[in-house]
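Order of writing sets the chain letters: A, B, C and D. Residues in each chain are counted from 1.
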Amino acid sequence: MTGKGRFFDLTNGKASRRTVLKGLAAGAGLAAAPGFVRYAQAQSSAPIKIGFQAHRTGIGAAYGRWYERTTAAAVKAINAAGGINGRPIEIVVEDDGTDAARGAEVVAKLANQHKVDIVYGTLFSNVVVGSAPTAGELKIPYYVVSEGYHVASGKLNRYVFQPGITDVRAQVTSVAPWIAANAGKKVTMIFPDYAFGYDHRDYLPPALQKAGAEVVAKIAIPPTESSFTKYFPQIPSETDAIYHVMVGPAVLTFVKELGDFYGSSGPKLFGFIDSLEAVDINSPGLEYLDGSHFWEGSPRYAQADDTEAQKAYRAAVGIDDNGAAVADAKDVSTAAHMFGCWETLYVIKKAMEDAGYTGPGDRAKLVEATEALTEFAEGPEHPQGKKLFNGKIHQCFGHQNISKLEGGKLKVVHKTTIEDGMYEPEADYTKQSL
Amino acid sequence: MAFGPHLLLATLEGLVTAAVLALTALGLSLVFGVMRIVNVAHGEFFMLGAVLAWAVATTLGAHPAIGFVAALVVAPLVVGAIALLSERLVLRRLNYDPEATIVATIGLLYIIQQLALSLYGPEARPVTPPFNYRVLLPWFGYSGYKLSIIAASGLLLVATWLVLTRTKIGLVMRATQYDREMAQAFAIPVERVYAGVFALGAMLAAFAAVLIVPISQAHYLMGQDPLLLSFIVVIIGGLGSLRGTVLAALIIGLSDGIVSMFFSPTLAKLIATLVVAMVLVFRPQGLFGTVAR
Amino acid sequence: MTQPLLTTKGLSRDFGGLRAVDKADFTLMPGEIRAIIGPNGAGKTTFVSLICGRILPSSGAIGFNGAEITALPAYRRVRLGIAYTFQVTSVFANLSAYDNVALSVQRTLTDGRSRGAVREGAMKALEQVGLADRAGTPAGQLAYGHQRLLEVAMGLALQPKLLILDEPTQGLSDGEIEGFVALIREIAREATVLIIEHNMPVVMQLAHRITVFDAGRIIAEGDPAEIRTNTQVQEAYLGAAHG
Amino acid sequence: MTEASTARIYGLHIAVVAVLFALNFLLPDYHHGLFARILVLATFAMGYNLLFGYAGLLSLGHAMFFAAGLYGSGLAITNLGFGVVAAFIAGLGCGALLSLIVGLLALRTSGVAFMIVTMMFAQAVLLTIVYFNQWTGGDQGLVLQQASRILTVGGASFDLTAPAVRYLAALALFAIVLFLTLAIVRSRFGRVLVAIRENEERTRMLGYDTFANKLAAVVLSGVFCAAAGAAYALLFGYVGSNFASVQYSILPLLWVLAGGAATTLGPVIGTLFIYYVTDIASSYTSAWLLIVGVALILLVLFAPKGILGAVRKRWIGWLP
């Protein structure tokens, strides 16, 4: 376990001590009227502080750990190349326990106590939605890496962005034609009965219909369910393909039970890798998945045609060709999502440089500069591939991968175009006041 | 699927759920019945059992069956020792005051969860079952290991029943449960009985977890649901009634399985929850008449 | 002839297979001090519990002050004027003696009425049993004898028509018992008293009439002199003593 | 109770509210915001304390009452277009109705069975929220837009998202519930609740309809908790099913036990204590759960009746 997160622990420790000293000083003086505490960090060499709302504990902890590692790697790379506008990035981590209420508190703590410039890094959509009002009220830019269709839906506010990862609606829309053409015309969906599943439930059926296929059953599994066999009879016998997005620790049970239920005679399977992020695809019980297909944001396994940028990114983050930690082959990454942290940090860098960002007083300028972005070229800053960015809905769109599991590895068999996933925007944040 | 096979499947699933529930509730029933304390950390002992099973099986790296058997022995012993330690260091000093115990065991829950997260990690990890056998029915396949859990649960329940009714240890435990002061008057070392019961309850939870981990997985947050369900089983079954515990587990397991045939999954869970709540409301004394206070 | 205060007709109560009270016909006149005696397990406490409503009868009827109260919940009977003091002292240990008695005097919105001077009523009851100077002491810290007195004060403060005392002198010293007997006599000037008592001298001093229970049945009833000479009663006691 | 002690008690509570009012002007931004949240959650804890501390009924399902207020007011705004005041009242109404139904059913049980039954009803409420996710947003929840969170009273309008307005609104709610609680526990009804907690059978034999009294306590407690939930939705703009999970049923119990059950000021002290232990621990280490766990065990070993319970026992016996 050497070297993991050391960068972070040090950074965080330093930040905390400083905070405490500040707190003591403020307490002793008791001149701590709100006006006095707001001093700007004016010096040009002072670090840009990015608050990282991390899932260190709670149900999102497996993802959170890799989000931290990717962030550390990206910050290291950015700082080594001169930082943002010549200023280094300093990351301040606060754990939100993957809890929506705590999430809002963490945003306030990062903004008001740690005096960070922006907040970044949230994954779980309930935490994003729970924190967004606070970010909007404090008028602090909030860059999430969540993939939920919440930012783009217009339900949040002008300070929330998702510029580093494609949202689920676009993902689902872009893979639907492939499913219809290759997996089958009659599809049964099995998805978790919570927010992440709803994006699939709501946007797959119309996309499939457009492609000439149909959803014949939708089975929403309640949260905390730990056994699934009893729901399998609800899968219609005419089903050609099962579309599964079971997220949570119970996914192995799900696959195992599906295998026991169908044996070798079942429908084809198409799944979202989200369920199996941080899980070794060769774990006992997952044998049934062999030969099935998965969506991947960024491929877990190194591919034959990987770009130099992709190779450099994998080396920087510290994952091997199987997508596990270089130091520990059992420590499997969340490769399909965590690239979003890397790319989001580079988007932040770009937007800050465009805005001539100097401190919290420039936050409105930063928001406008981010909204003005339109395209991110593939390269070291965007190793997953090219992205288009829609400033009105604060959402980016990129290529998606469909991989086949064979021989214990996931091999990309199809790459969607960016246009495959585009949909008519339903909102315009730029009309909101700053 | 036709109604008959569907019902068979739902019943099988219900039975497995019931077997699992009866096992996890067993330890809680003892602790709760004899010591009259609400051990909120009971689910964490269960989680520890599963995590240790993974650790033992992985460390040994031998045939899955060997790793599994080793885990069946090692995990309960380690968990029992941890429980004994926490009983000595904390619960005894609180004199088993009900409210103080709740706070203390919530503290214990946090500590165990954090240790598991820090030392074991946030991932869900599987343990290979000792054997893989798929029972092939005309309509669907079913896991042979799952069926064996029903048998194992039955065996363990019978063994516990024998210990409780046929041995001196069981007599002492029942006497303490019946009346603590009276037991003290009869020179029963109540403190040692409590320590033993607490450790035994934790060991049973760990044992159940080792049995179950091949069909679920070890995860550091897995303790909560078994805890809540076990409480329900213990209360509905009636305190200290083994018969009641088994029957309550069957009611909950089967209603969960069979209700799921007729409704969408979340609605089925909702209805099953209300059904069980109503059983409790209209039979507050439990199914076997022992008043739970 | 005056109306009886309390009547029971064919009153029975089974616990599982055991019949604790068996077809008891019982009449109590206003102003009386009635003692109930009988060997342990004769059904005395069950009988008075049926009267005050702590448990419901298996069969039979209870009338109080001209009204049928068989199915009435306990708290309603208390409001009608039946007060019960517990065999095992059960004062509110963590509340002050005053608060204990105040609970008897006050009522709340959910309990029918909300008026009257609580303080006056509570202090009057405490004075009557001689505990006025300990009003502020937590009940649990009172001496045992004083707790028994507090228990009676709580009953008195309800201003009952019928006060049921379940073994009130148990555990009291001889001196305390003497004071107690005087207190009961005083209470009896305003209320009818039904007392379960083992202490025969107390019974003989206090009771106008005595009812004798054995094995759930009423086996005898009469004034102290009659009961003293009743052979059936003697047998019941001797039999119980030897059994 | 003497006149002097009555004056002393009210003086203390007024002083606490005055200090909290003064803190509005003194606290640094972050703590100012955190205090606003704590005051709302302390109100939740006070509602819980009324039932648990005073009436002695241990519920593990109070998240459902908080959620009733939260969703009652939140959905009234998003789906029915209610204003702030109407939405708050809708939240209270939902809490009152739910607590009445739950009370009527759950009070048929007692002790641990009551605890389990309330937990199961709360679970059913959580599943209901998930089941109707088309309206509730399921676990992801709903955001109440800033524009819908402006309180208009007479001609004046207050933006509940402004920090000072939010803090003072939270304080107002807290103060109202605090003084209501104080009045209740010092009333005859409060004395009856304590009597029920101490010895229900004896209380019944003093002529009290203990069921009706307990039901009244459940409903009052439910309404207080719903008020906290409704205020949370309106002040912080987020409505989510996390708040209906069993975790949010255990939290008020923890806050109350830490601060001191059956003390009027215990809930707020306990909420503050747990919040700040968590907050400070989590900025030092990612293993903050461990520190919270150890803190709880130490607390219960050395102050088993909670912080204020210990204070009352050792120093200030007249604390209500």
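Here, a residue touches a chain if its C-beta (ideal position, glycine included) is under 8 Å from a C-beta of that chain, and two chains touch if they have at least 3 such contacts.
As the structure is a computational prediction, the values presented were derived from the model and not from experiment.
Undergrad: What is the set of chains touching both chain B and chain D?
TA: Under the touch definition, chain B and chain D have A as mutual neighbours.
Undergrad: Give me the fewest steps it takes to get from chain A to chain C if each step has to go to a chain it touches.
TA: Contact-graph shortest path, chain A to chain C, evaluates to 2.
Undergrad: Contact counts by the stated rule: is the higher one at C-D or A-D?
TA: Taking the two pairs in turn, the one with more contacts turns out to be A-D.
Undergrad: Please indicate the chain closest to the centre of the assembly, with centres calculated from CA atoms only.
TA: Minimum centroid-to-centroid distance belongs to D.
Undergrad: From the centre of chain B, which other chain's Cα mean sits the farthest off?
TA: C
Undergrad: What is the distance in Å between the mean C-alpha positions of chain C and chain D?
TA: 43
Undergrad: Using the average of all C-alpha atoms in each chain as its centre, how far is it in Å between chain B and chain C?
TA: 48
Undergrad: Between chain A and chain B, what's the gap in Å when you average each chain's C-alpha atoms?
TA: So the centroids are 36 Å from each other.
Undergrad: Going by the contact rule already set, what residues in chain C reach two or more other chains?
TA: Residues: none.
Undergrad: Using the touch rule from the top of the page, what residues of chain A touch 2 or more other chains?
TA: Chain A, residues with two or more chain partners: 57, 193, 222.
Undergrad: Mind pulling the residue numbers of chain B that touch at least two other chains?
TA: 114, 117, 266, 269
Undergrad: Identify every two-chain combination in which the chains touch.
TA: Between chains, contact exists in these pairs: A-B, A-D, B-D, C-D.
Undergrad: Applying the document's contact rule, which stretches of chain D touch chain C when the two form their complex?
TA: Interface residues on chain D, with respect to chain C: 187-189, 191-192, 194-195, 198-199, 201-210, 212-213, 216.
Undergrad: Under the touch definition given earlier, write down the residues of chain D that touch chain A in their complex.
TA: Residues of chain D touching chain A: 25-34, 37, 127, 130-131, 133, 137-146, 161, 236-238, 240, 242-243, 279, 282-284, 286, 288-289.
Undergrad: Would you tell me which residues of chain A are touching chain B in their complex?
TA: 57-59, 61-62, 64-65, 193, 219-222, 224-227, 229-233, 237, 249-253, 256-257, 260-263, 278-279, 283-285, 331-332
Undergrad: Note which residues of chain C are touching chain D in the complex, please.
TA: Within the complex, chain C touches chain D at residues 52, 54, 73-75, 78-79, 83-84, 86, 90-95, 99, 102-104, 106-111, 114, 118, 154, 158.
Undergrad: Where on chain B is chain D touching in the complex?
TA: Checking each residue of chain B against chain D gives 32, 38, 40, 90, 93-94, 97, 99-100, 102-104, 106-111, 113-115, 117-118, 224, 228, 231-232, 235, 266-267, 269-270, 273-274, 276-278, 280-282, 284, 286, 292-293.
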